[in-house]
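Dumping the structure here so I can ask a few things about it.
For reference, chains read A, B, C, D and E in written order, and residue numbers begin at 1 within each chain.
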Amino acid sequence: MTLTDYATACLLILGGIFFLAGTVGLLRFPDVYTRLHALTKADNVGLGFIMAGLVLQAESWLAAGKLLLIWLLVLFASASVSYLIARRALNKGIRIWM
Amino acid sequence: MSHAFAYALVGAGLFLLGLYALVAYAHLLRKILALNIMGSGVFLVLVALAKRTGDAEPDPVPHAMVITGIVVAVSATALALALMLKVSGKTGQAVLPGRHQD
Amino acid sequence: MEAILANADWGVIVILLPLTGGIVCFLWPAVSKTAGLITVAAVVLAVAGLGRQIMEHGAYRHTVGGWGAPLGIDLFADGLSLFMLIMTALVGLGISCYAKSYFNPRDAVWFWPVWLFLLAALNALFLAADIFNLYVTLELTGLAAVTLTALTGRIDALSSAMRYLLAMLAGSLAYLLGVALLYHDSGSVDIATLAQRIEPNATVWAALGLMSAGLALKTALFPLSFWLPPAHASAPAPVSALLSALVVKASFYILLRLWLELFADFAEGVSTLLGLLGAAAILWGSLQALRQTRIKLLVAYSTVAQIGYLFLVYPLASASSGLAAGIAAYLAFSHALAKSAMFLAAGNLMRFGGHDRIADLDRAVQRLPLTVSAFALAGVSIMGLPPSGGFTGKWLLLDAAMSQGRWDLAAVMIIGGLLAAGYIFKVLGYAFMQAKEPHDARAVPAGMEWAALLLAVGSILLGLMASEIFALIHPDLVANAGGAVERVWTA
Amino acid sequence: MIQALYFALALFLLLNLCAGLWRILRGPTTADRMLAAQLFGTTVVAMLLLLAQASGNPVLRDVALVFALLAAVTAVAFVQRAWPEEKESEHDLN
Amino acid sequence: MDVIVVLEWAFDAVLGLGLLWLAWRTLNSPDLFKAIVLFISFGLLMALAWVRLNAPDIALAEAAIGAGLTGALLLAALARLRTTTDNTMPAQLPAGSWFQRGLLIVLLSGSAAGLGYAVWILPSHTSGLSMAVTANLDVSGARNPVTAVLLNFRGYDTMLEMIVLLLAVLGIWSLGGLPPRPERPAVAVLDTFSRFLIPVFILAAAYLLWVGADAPGGAFQAGSVLGAAGVLLLLSGWRPGVRLMQWPLRLALTIGAITFIILGVLTLLYEQQLLAYPVAQAGRMIILLESLATVSIAVTLAILFLGESPDPEEKK
């Protein structure tokens, strides 16, 4: 278990924790908007940590680049989709939890 | 090796689950979902049993069959959905008329 | 020129021609009617060419892609498939001539490409020697048939097309699961290779059960025939003729082919069950037909009954499966000719009276002599009166039943014939009488009447020329249990 | 050892996904159900990358790429097409 | 390391049970929208199952079609369904009496036992046709065995599949006008989102098509990804110009099938066998077939999502 393996292990576990946080947030939060927040948190940071861990293990620059591209795509997609859902939810009258 | 048999049994289970729902429920959208699940079950059986080649590469022939099967299934689903919309457009209900009398 | 014609690869041409025709009709809607007719005529000639080759050199085998049986796909045509190809071509030609003047321009644009793809699918199905390829052609036939059924856009057509599509997809998936089990049991999907490697174990029994159930559902065998009458009755007349005469026979042909080459020697239980269901279909279908008040529903239930006759072949085939296949093919051909003539005649009567209620046909005999005589001639063949093709087929079946001492099946056949006479004469009776409120007659194009009459005369001629036709489906030409055929000629 | 961690994490994410299913079942508003489906898309991308590393098969990264691309299409279809017109029923506003 | 074996077994167990449980919940959940979302999640788990069964080609196809298209199709259909049906009929109404359903359950569990036993007694180690495929792989013109089987060994099946796709489009167009679609004003973010993402889709599809000869990928996967791009375009309000909708669209729909037929006729004339590619040009022919098939599949899947016939004259 070299140094990079340890680093990868830590990053992966951190990513896992954030995914757990996202799911717990999804289950526990009271209304759509807060769940949206929890969900994007899981996407961006959780996946980001897992990506960082795997980039260390990647066998070539091409693979590392592909991992980064995947992460950017997920970031871009989840940001736009959360905005769209929130906007539609708001003008459909789902009240914000006070 | 028995991974293959586990997934094959899951596939057979999906096929029978879908068959039950296809016959038991009246709503057309549910029947279409049931057909999709039956299709996934059959494809799972095909591919799972192709993995009985030990650690060598699995048998590519069922894989080719399943790829064409997936594309055919989605086009049949699209036709079924269009037909369902026409039926519900004309009769006001997404259910096969006369299904309940007989 | 003669040499090129002699050894041209007719089997492949019979499939590619309607495919190209269908694509041309789709790309060029304006020219679809003429292109459709030319293609169907060309297919008839191609089938004739294939027929001549098979008669001279024996069974036809074409290895697609040059890879050979287990890896690649083979096209194979013996006497049985040639017989079915001739049936499809001739009945298809008659129906195409009828459809030329039946459809309004907006429906014709969709009818012709889909009908040509259906013709290509049927030809590919009768030539296929690979069970997964049979699944693909079944799917193609089913989708085309459903599209044609829903062509009129009326409520009953749409809902029966929906029920037909669901039944068709479920049947195909059951068949595909059977293919999966057979492939994973013996490592090949080619029928000839399977025939050598199969030995009766639980997997093959499960596959046999699944495939028979799926194909019985698609052939509308009695308990699974809930979808056929509404679909065949509500479709436009030429389409219901196509469905009853050809599409239903396709899945029957596959079941016969599989039973003939793979499951014949260890499937006694299944054959008695199929025979039982066939007998029940004859009785139930004929009784239902008697109760109908609309011609098209009556003729559709008559299809359910006549399919029962086809399934009687299984229990009686213990003597020699080659002969049994010949009888089944002959019965299928005579039913195809007679039933398509009936549906076309029913279409004429609907065009003439604006409805197809049997009670008020209103002197149809005086005003539509050709159509009613076509219906009558077709009725003769359905009832099985000499000299029609139906009579010869049923007589051979009756003879086989009596020689094997199956008095129960013989009795069912005779009762079926009487009931058939019942519902045919019911329609003909009303055709002579005057309806309660007489209505003016709308003109029926001559081409449509002559198409119906020619098909009906064909079913009678089939009976008269029985001996030459049987030379085609001679036992030594039909692939028997071992998958071997005495005279094989590899293209 | 690191191989075991990949599989352990993949299993953990799969259990995460199953837990998220509960939100689909209970989710009062249709938006909640769609959210859960969106989270599953990302979780599957993460699992695919872990399995790619665990089984040493780089092709799974292409699968993850396609998933990342397509996760949004279903959600957009939901937003643009499938959101029912009528006001969300009363129990949605908890 | 037996830890890995245990973890793999745990993963497969959770995945298998998850699939069965999701399928059961999808089929009898009272609310149809919940059923569709559960079905979309079922598609995601199926993609994982394909990955576990070492079938990356199918995982790609399932990802592109399951995540991209089937979900969007079902959601669009549900939206249109709501505009036509008065939801008096509860979606949960089973057909037939409880006795019939009880009989059905008994029958199905019996056949489940039979089917399970039939699968269980299959030989545990067999290679099926993989030996024959690897033996002929270098002659087939493609190094990826699945592409070789799809385009060369069983190319005839694929030709008929292209016709099946064409028939589905013909079926939908012949049905004529579908009930009106709830049209939403396009959102600014959605425009920038799709405008940025479409080039990435096209790039990914080109990559999948090119890599298909040697690694998992190929016509069906690339076509599905492009089809999903088309769906995204249609969702963000883009409609093809009317002039484009006449014969150019029909040509695009049939280009795949036409190439198959032309190649079939050529090989029939020169090699005496249908679709028997000469070894030298086999690779080039497969690439040609794949790229044109990708175009047809993509346009077909997008048109399937669009629904009604784009031709201006409407059916009754």
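In this text, a contact is a pair of C-beta atoms (placed from the backbone, for glycine too) under 8 Å apart; a residue touches a chain by one contact, two chains touch by 3 or more.
These numbers come from a predicted model, not from an experiment.
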item: Mutual neighbours - chains that touch chain A and chain E alike; value: D
item: Other chains in touch with both chain A and chain C; value: E
item: Chain C reached from chain B - shortest hop count over touching chains; value: 1
item: Which two chains share the largest set of C-beta contact pairs; value: B-E
item: Separation of chain A from chain B, taking each centre as the mean of its C-alpha atoms, in whole Å; value: 32
item: Interchain centroid distance [CA atoms averaged], chain B/chain E, Å; value: 12
item: Chain centre separation (chain D, chain E; CA means) in Å; value: 20
item: Where chain A touches two or more other chains at once, by residue number; value: 73, 77, 80, 84
item: For chain C, residues contacting two or more additional chains; value: 132, 136, 139, 143, 146-147, 150, 153, 158, 181, 183-184
item: Chain D, residues touching no fewer than two other chains; value: 34, 36, 65, 69, 71-72, 76, 78-79, 83
item: Listing of all chain pairs that touch each other, if any do; value: A-D, A-E, B-C, B-E, C-E, D-E
item: List of chain E residues in touch with chain C within their complex; value: 114-115, 117-119, 121-122, 126-129, 132-133, 136, 152-157, 160-161, 163-164, 166-168, 170-171, 173-176, 247, 250-251, 253-254, 257-258, 261, 264-265, 268, 271-277, 313, 315-316
item: Chain E-facing residues of chain C, complex; value: 9, 12, 16, 19-20, 22-23, 26-27, 62-67, 70-73, 75, 106, 110, 113-114, 117, 120-121, 124, 132-133, 136-137, 139-140, 143-144, 146-147, 150-151, 153, 158, 181, 183-185, 187-188, 201-203, 205-207, 209, 491
item: Complex interface listing, chain E residues touching chain D; value: 1, 3-4, 7-8, 10-11, 14-15, 18, 22, 25, 29, 33-34, 36-38, 40-41, 44, 47-48, 51-52, 56, 59-60, 63-64, 67-69, 71-72, 75-76, 78-79, 82, 181-182, 184, 190, 193-194, 197, 200-201, 204, 207-208, 211, 215-217, 221, 225, 228, 231-232, 235-236
item: Complex contacts: residues of chain B adjacent to chain C; value: 12, 15, 19, 22, 28, 31, 35, 38-39, 42, 45-46, 49-50, 52, 61-62, 65, 68-69, 72, 76, 79-80, 83-84, 86-87, 90-91, 96-98
item: Chain A-facing residues of chain D, complex; value: 1-2, 5-6, 9, 12-13, 16, 19-20, 22-23, 29, 31-32, 34-36, 38-39, 42-43, 45-46, 49-50, 53, 58, 61, 64-65, 68-69, 71-72, 75-76, 78-79, 83, 87-88, 92-94
